[in-house]
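Take this structure first; my questions come after.
Each chain gets a letter, A, B and C, in the order it is written, and its residues are counted from 1.
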């Protein structure tokens, strides 16, 4: 089709995306490098090295590495099981992982308070089994659990997609050539599922790094992640320049993970 | 068959620096069955799309009944296309598909109804009005695509490899149906294919194309018997193409032996290409032919045997109903009028004729 | 044996995923307002829900917001996809590049960036700023849903329509759009869901006195959530469940040309990138 003029149909969106996607990001940089009076400063960005901020950032990174790692550890065997155990209805299975998202995510996270609290569901069960109770609510493990819970589907879906796309004959060929299950897993399935693993990792890492909701709800407001610091700067202190400064730091991590995703995307094509 | 119905004048088309058609000139007469034949990427489909209005040539003009229609959009042209993968509208019934063009032309309901009935009868699918396209087989979908195109009474029907997706038996049946359809309708067909058998069976005129150039235009018999260059010879049917030297008129030297032929005007002692069809080679006893050879391979093909005969370092393909076992020594003989002499490609343009498959 | 452990593992993960949902559903029938003990079965939260003007107002806002933002995003996004079909590859990849930004960006950064835009342009924040923000993060879902469908689309049906005499606009609405419809619809549904569930971006772009269900829940987390909210969420969840069942397992009539898929944010990225790259 050579009716080039029809491309004007994309113009409204192009204008919209520049106005509401690109320019807002530029505003973050603008606010990050100015003070309230509009003069240039690097104070907002360098504020990251203050004790409170660097601690929050380091904590966030630790949390997101841990939650990404646990999600991967849980999701990968799960995806292997999903592809082998059930040949019948994979659509149904992926639906099962999506369905929970149809309940308000704040409420679902909040429900973990009930399950985890001192006299909650888990401790009820533990008590019944004469096991020592678990006091993790408002402590780091609860936050970690919340992250794993909220973001596990983001790890499962891409890995499942890439594992289920592997041609069964490749595995048969591997077996035919004498490989046992673990050799097939290591030599065939894992390398072929790597693009899914990478996108799963970035999809869990970024929201884990930047969340303020999970730490708020399950951390009892005592544990400050970098997301909480930024949120408070914006909504409580109304110090937009300082908030933008820290957001700019976050953007570095996000851009980095975007680059990784894009790189693996391209390799996936070729 | 007098008038030039469609006249393509000096058409050039390229995509991103890649020249697909280079100064193509071609006319189509009224009521002609013209086939554009060539390997993929030869520009045949682009030529068809330019006639249909889906592509605009970079330069040159498309004349239709002596009017310039180069910039006319497809919906204003008096031609209709049968697409390669049928392109039936999946969400409409067969009747709605066929009625599509008629409704746009604001024909009356009764006219449309009659037309649908007539068209379905014509393609032997009476009673299919209310079926959905995806419930039909490939062959049936193809007929509906044809029916949908012809109810609009186009002056020219463009067919883009319409049989490509069908299996062999169905393809052969459809060839006969297309011929009788064309006779019934009395309109011009422009047909694109890479299948030389389809082209030879159905066409009045074949246009052999390669790399954006027309290699030869002629009747099926001309194209088959008198290919103008090595590309055409190789593309149409199996053939033995050998280098030779034209000693003088009606005498050519091949593999060091002198063969009589009927061609003239190639000069004296000029290098040429020689085409000999496999079925035109007569195998005789050793020493009884012009040159001798050894059978290296024999395959039974049903109607004939296909044999490879090695002679003086060249491997001939021979089709014969006589059986010669492997390793038997044979004599090779060719009737003078079965030897086809062609010029060697010389100019830059003619390089394209070199076999590139 | 292997398959036994497999099923057990699967079951454990499912319990993990659904435990909070079950908890919420049970709490919606709990007579006691305290979360921590069971005070007997009641339906009072379900009946009281409809008289709670605050919750109902937040619910209405949420639905109107989701519907409007999804509708506008669907129109803009579908038009954009159509326009992009006529573009050169480089122009198209540029636009798709921008489109990927809100998908891969952290919600907090997107929210903050929009907030700064509104602050800098001195717009007072309220329904309209939230609507603009929701449209912004919804359009990519529409595009990433419709764009792959365009790639699968048999382009010759459009050409066939032109060939049979249709004007391009007529051909689009009569032939192309019906083919795209399932993708457009799933784009709309995804947008609707995203908007419905969004908290973070709404949180940064809302003004005083404005509440969606999410922001209402967030503000109540510390002082204790009204059990009527559990009741409402249970109703919404079950409604979606029933709707999904009917959309995907239509027991009557013809199969739709393409299955309407409801996907989440990340799944869209996966499936769009999985299909051989995003243009």
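What we mean here is this: a residue touches a chain if its C-beta (ideal position, glycine included) is under 8 Å from a C-beta of that chain, and two chains touch if they have at least 3 such contacts.
Computed from a prediction, not measured in an experiment: that's the story for all the values here.
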Pick the pair with more C-beta contacts: A-C or B-C? A-C
Centroid comparison with chain B (C-alpha atoms), farthest chain: A
Between chain A and chain B, what's the gap in Å when you average each chain's C-alpha atoms? 58
Chain A to chain C, mean C-alpha position gap in Å, rounds to 18
Distance between chain B and chain C based on Cα centroids, please, to the nearest Å. 53
Touching two or more other chains - residue numbers and ranges from chain C: 159, 168
Among all residues of chain A, which ones touch two or more of the remaining chains? 1
Flagged in chain B as touching 2+ other chains are 54
Any idea which chain C residues touch chain A in the complex? 3, 6-7, 9-10, 13-14, 16-21, 23-24, 27, 35-37, 76-77, 79-87, 91, 95, 98-102, 104-110, 112-117, 119-120, 132-133, 135-136, 139, 143, 155, 158-159, 168, 193, 197, 199-200, 203-204, 213-214, 217-218, 221-222, 225, 229-230, 233, 236-237, 240-241, 244, 248, 262-264, 266-267, 269-271, 273-274, 276-278
Report the residues of chain A in contact with chain C in the complex, numbered from low to high. 1, 3-14, 16-18, 20-25, 27-28, 30-31, 74, 77-78, 81-82, 84-85, 91, 94-115, 117, 119-121, 149, 152-154, 157-158, 161-162, 165, 196, 199, 202-203, 206-207, 209-213, 216-217, 221, 227, 230-231, 234-235, 240, 243-244, 247, 250-251, 254, 257-258, 261, 265-266, 268-269
Touching residues (chain side chain B, partner chain C) in the complex: 52-54, 73-77, 79-81, 83-85, 87-91, 100-101, 104-105, 132, 145, 148-149, 152
Would you mind writing out the residues of chain C in touch with chain B in their complex? 154, 156-157, 159-168, 170-171, 174-175, 178-179, 254, 257
